[in-house]
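The same chain A turns up in both complexes below, where it pairs with chain B and then with chain C.
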Partner chain A sequence: MKRSTTKAALAAATGLALAAGMAACGGTNGADGGDAAETPKSDCAAYDQYGDLKGKSISVYTTFVDIEGASYEESFKPFSECTGATIKYEGSKSLTADVLGRIEAGAVADLVAFPQPGLLQQAIATGKVLEAPAAVAANVDQYWTASWRDYGSVDGKLYAAPLGASVKSLVWYSPSAFDQAGYSVPETWDELLDLTKRIADDGVAKPWCVGIADGDATGWVATDWVEDLVLRSAGPEVYDQWVAHEIPFNDPRIVDSLKEMSKITRDGAYVNAGIGDIQSIAATMWSDAGTPVMDGQCFLHRQASFYGGYFTDAGAKVAENGDIWAFYLPSSDPSTKPILGGGDFVAAFADRPEVVAFQTFLSSPEWANTKAKATEGGWTTANSGLEKGNLKSAVDQLAFGLLADPSAEFRFDGSDLMPGVIGADAFFKQMTSYFAEGKSEQAVADAIEAAWPK
Partner chain B sequence: MDALLLHPTTIGGKLLLMVIAIALFALVMAAVLGLAQLPKRQTRGAAAAVFLFPALALVCFGLIYPALVTIKNSFYDQTSTSFVGLKNFATILSSPEFLTTLRNTVAWVILVPLLATGIGLVYAVLVDHARVEKFAKTLIFLPMAISMVGASIIWKFVYDDRVGILSRAYRAVAGWLGAEDPTAPKWLMDAPWNTFFLMVVMIWIQAGFAMTVLSAAIKAIPDDIIEAGRLDGLTGVKLFRWVTVPMIRPSLVVVLTTVAMTALKAFDIVRTMQGGHFHASVVANDFYTQSFNNHDKGVGAALAVLLFVIVVPVIAYNVHQLRKAEDIR
Partner chain C sequence: MSGIQAAPAAVTAGSGRAGAGRGDGIGGGNRGLGGRAARAKRNLTSPWASGIAIGIGLLWSVPTFGLLVTSFRGSVKEIQSTGWWQALSPSNWSGFSLDHYRTVLSGSGTANLADYFINSIVVTLPAVVIPIFLALLAAYAFAWIPFRGSNLLFVGIFALQVVPIQVAMVPLLTQYVNLGLNASFWVLWLSHAMFGLPLAIFLLHNFMKDIPSSLVEAARVDGAGHVTIFFRVVLPLMVPAIASFAIFQFLWVWNDLLVALAFGGNTPDLAPITARLSDMAGSLGAKWHLLSAGAFVSMIVPMVVFLALQRYFVRGLLAGSVKG
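Right after this comes the complex of A and B.
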């Protein structure tokens, strides 16, 4: 009997250790959004409208972690300091994989920032997303353009207000390298092709560097290229029809756009500068692909505004007269100015007064300006209430300027709007084959069309 | 109260939650063990039931229930709302991409167990009674201590086009043989060979497992049997073929089938190394992509069911062999 008691005690002890381990691992990776209002600031007047929310808490779930996540938490501070509410922030890169499961389980945060409108639409289809409150809708109507409102709406009803934004139609270059070689920034697509040829003929280095690898998301960089080219060679109207699948994916105009893209991305004399052959594009991490611009191994790199942070990290000064700068990827017809971009949208799963208040705050110019001041670089928004000067990085200002340009036609990243089977899978895989196997433009488009859900 | 206990925000609250969790766990454990102490007077059946209950409950909630739901989902549409019959299976089986995936999975299941077991067996025999046996065994067993994801990252560097040791070695050898400006193959990109280069990672890990089990089996062969074989004139390869292999056959089968099941579930290696691109995907990776990237629960569940159907015969064979081995004893 004694022996077995000892055994039982041992087993219980082991159990204890296990349970302790589990409890220790069970903590969330969120953090508090600052303590309640102990030191009320003098400039709290703008927050009076949200009322006294002392003791209330609001949970927020986004894809932003590390430095990006910290800048979000920082931007929530004035709200929690002035109203007394606690913001529970959680950031996870796997949001896109787990958010629908969380919604289904009823364990989702009060507010979720969706990085893709397509995923947002799927979430709305579950019936759990609440319609945007009137105050949020009023802010969206006042500060955003109609197309941004549409991406967060279903059947004309607004569900989610836009949050951040990025501009993808940018080409990174080195102003000093351009000066030395006597190159100038091209104004049209044809001029860009001429410049490409001239750089190649000069023979110092190949003109373009491209990389589309990103683990299981390999290919998204290439889909951005295609989208930019469809916008330029087929135009925004065709682009809308193409994304909505009103015309097939292998429509001749789309295939032509792909062929236009191939003039650069599949010409062995033009790519892949400083890295390797055409095939190497499929194996090069997107984050490593642009940095050869800094040491003159490559002259041109097409990538979104958020890539600026990678140059800064590598020690370059990103500014109009700095080491690295970006120009707008020109359109075929200089009178039009299509812009490809992305962004995220905040949907609510609760309508407690404090949630509505915070949701309203996030759609306000106050938040946009606070966020701009809290961010070193790599963030912008299409909220027209943002003061451009509050953005710390020059390229963020450039991106904001493009988003606010009334002559520009903004279009959302098409792969984020297409069904997941296409936008997160077939389109990625086929574009990878386009580089890795040299698959023809027609075959790529045909294969994606065949995969489109019927 | 609910918020306080389930979502503690202060350190004190978190500690309290931990103490409560531990207390609850200890309570359950004590109850189970206390019940098990009772027997003496009771039947063995009751004691067995007490011990079986936690395992059975876990199997039911953690395995059987999800399995049934998955099977159900495989006949429903992507949000599991309406019945679509066999449409998901038709979608999968009519896609050329998936047939490649299936071919890859079959290659994994056949080649990985054979190569891992083969290498492990030869190694076990070679180092048996050698002077550096322990050290040599440790060397091949070490990779077992590395997680699949860790191993994948290591091998990703090995295969890297620019810094990879394999590509460098290839270029050096090709250059030495007289090739002008040689370029190494893109190990992880060129199908179908890339699947083989992915398998190498699992073989590297599993050979250590095979070696350990088989080495123990070889050591368990009674000396008199070996001696009898020797007296009958068997030496070297013949002794190995006619005495060693038949004596360790049950262990061999168990190792082969266990590694085959691991290979069937291969996911982390494929996902970490190249995300299932370049025609090197396997069923488990497709299942994840469909369920969590594409948010198509129906097709995802159908893939899981297919994987289950493929794995059943292997498990059945494994169990059958285990039973046979027990009968011999």
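Right after this comes the complex of A and C.
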């Protein structure tokens, strides 16, 4: 027994020593943080309107972690330095799973950034979300388009102001490979089909690479494809009716959109470049699917603006004249520009003056610009008060340019708006069998319609 | 064997008034035990069985080894396009680097890994001690204090093991908010203790019941009360069982992510190292290549604990679950 206690003590001591060693490693990092704090204080004049909030504290809960989270915390600094308020930031990838439980238990933060309007609606239905203060509503009216306001509202009442945004209607390509082969960026959907055919005929490589695997969420990439195609071949009005289930999922116009999509994604001559046959799409990790573009194994990859980070991590320079760049997935008629995307919406669960002040700050152009400066890349917003030049990454500027385009029709990712059993289950699974088993467009749409909750 | 041999000695020393003859009797039994062990060893040892065991062990370690190799591979593109075994050929050795470990250890933003490491230790130690302390008392009561309905109560506690954590989350969180404990370490200590108790009571009770009643009765005849019996007779004999449950609970709490996020939240004040590990890949998983290095960093402490206490692990677990 004596021996065992010594051993236990030894184990504990080793643990502590390790922790101490790591604390020592972390020390240098702390010093770096100190340098950052020494940068001159931002001009506080713009923050006078929020008053003196010394000793007050505001808690914020978002889905952003690691560097993304750190850039949010960085963007809150001018506010806390000028008003004296403390911002308690919490980021967790499990927000979508636990936020409703936290609301029910009364343990929710003052402000929550919801990544899906559907989840926001569920939260509003609990009656705990407070209506947006007048100043926030005024900012939203001034700086966002009507479709953004609608996604944060119920029955015309605004509850949540938009925060960040992402654009999904992008096609990644290699500008140098395009130059060498003499291809140009297509302006319409038909031109894109022609380009696809030309690349295939040239025979260097198949044109498209696609991958929809993502563990439990396998299929979401394919749902984005469908949504983009519905927006392009059936139009935004039909899209809204489709998402709200005012028309059935197997409406002929939706089935036609699926068939339009099959022209690319189910043509063995066009996919799956550098990876395999059509079936391989279902088994390829979405995060690995686009990188063959870098090696010239594939020419085109449709994926959201945040995919730029994967190219950067794999060593590519993402810029208009760099190794990798993206173009807008063209619509059938260049005068309309439907954009599929995502975003977050900030809802308040408290109306203390400091919370209202901070909520107002988050909906202001000052915050959007501060956030842009604090972010290395992978963030944009639809707040038209943002100065494009403040965004550091070229893709973010491209995405913001698309969102800010007055002719743009923004639509939120439909699978996030549909009921969970469809948007995160039946739609995913049916699209997976569409690739894996070659299920017909009509059968896919029928099966999803049959699963729709009555 | 040393644990078992040491135990009777402690008993003799502890309950000093117990007759010397009784002490000898136990010592005599010990020789028989040694003989049986030798026979068991003869029967169980065969080169074939050892060979198969080693084979399974190696096979089982292959993925972990692959993870270890991957954690030292510097180029993300290489990891993505080639297998870890390809990195082992001498021509590719130049690709090895400590970059991922450096990134993992330096952390990012306002928090670094050390904060989370300390959080993990602060969460884990009480979360192991509290259930063991409570379960020992409960197990003693179930084993040695006859009271009405004790069997029913014991079955009830045993049945609690099948209650999934998920159903308890929202009601428990509501209670924490009502009690004003929210966003403190208490929430995590209490939750882990609660979720660990049914198994702790069950294991320790079965082990405790195994102690020869003659020992307890002898102590009682000598005038020892429950407190004396608990500390002087039962507790010294329980060390292997306690150690085995401690390893169990330690590994479970150390590796826990669900309870930590659901009750404590993902703030640098409370979140354990597993939370940091799951965030390391970034909001969209863009930096997944850091996970292999992160996994090995967080593995160090459980490995040390397990290696230090492992000789109790199998023995205590078998004693608690099979007998009794």
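As a convention for this text, the second predicted complex is superposed on the first by the 413 of 454 C-alpha atoms of A that agree within 3 Å, B and C clash if a C-alpha of one lies under 4 Å from a C-alpha of the other, contacts with A are read in each partner's own complex, and residues count from 1 in each chain.
Throughout what follows, contacts are C-beta pairs under 8 Å (C-beta built on N, C-alpha and C of every residue); 3 or more make two chains touch, one makes a residue touch a chain.
In this text the structure is predicted, and so the values were computed from the model without any measurement.
Using the contact criterion defined above for the overlaid structures, shared-chain residue A:G268 touches neither chain B nor chain C, since it reaches no partner. Within the superposed three-chain model, A:Y310 lies in touch with chain C and out of touch with chain B [touch as defined at top].
In the superposition on chain A, A:A105 contacts chain C only, with no contact to chain B.
With both structures placed on the common chain, the touch criterion links A:P353 to neither chain B nor chain C. Of the two partner chains, neither chain B nor chain C is touched by A:G438. When the two structures are aligned on the shared chain, A:P252 is found in touch with neither chain B nor chain C. By the touch criterion defined above, A:P334 reaches neither chain B nor chain C. In the overlay built on the shared chain, the residue A:T218 is in contact with chain B alone; chain C does not reach it.
Under the contact criterion defined above, the residues of chain A that touch both chain B in one complex and chain C in the other are 4, 8, 11, 15-16, 18-19, 22-23, 26, 28, 88, 98.
For chain A in complex with chain C, the touching residues are 1-4, 7-8, 10-11, 14-16, 18-19, 22-23, 25-26, 28-30, 33, 61, 63-70, 73-74, 88-94, 98, 101-102, 104-107, 287-288, 291, 306, 309-310, 313-315, 378. Listed in rising order, the residues of chain A touching chain B in the complex are 4, 8, 11-12, 15-16, 18-20, 22-24, 26-28, 32, 86, 88, 96-98, 100, 119, 122, 125-126, 215-219, 275-277, 279-280, 282-283, 419-421, 424-425, 428-429, 432-433, 436, 451.
Put simply, chain B touches chain A in their complex at residues 7, 9, 14, 17-18, 21-22, 24-26, 29-30, 33-34, 37, 79, 95, 97, 161-162, 183, 186, 188-189, 271-272, 274-278, 289-290, 292-296. Across the complex, chain C meets chain A through its residues 2-3, 6-7, 10, 75-77, 80, 105-110, 112-115, 117-118, 121, 169-170, 173-174, 176-177, 182-183, 236, 239, 243, 261-262, 265-267, 275, 278-289, 300-301, 304-305, 308-309, 312.
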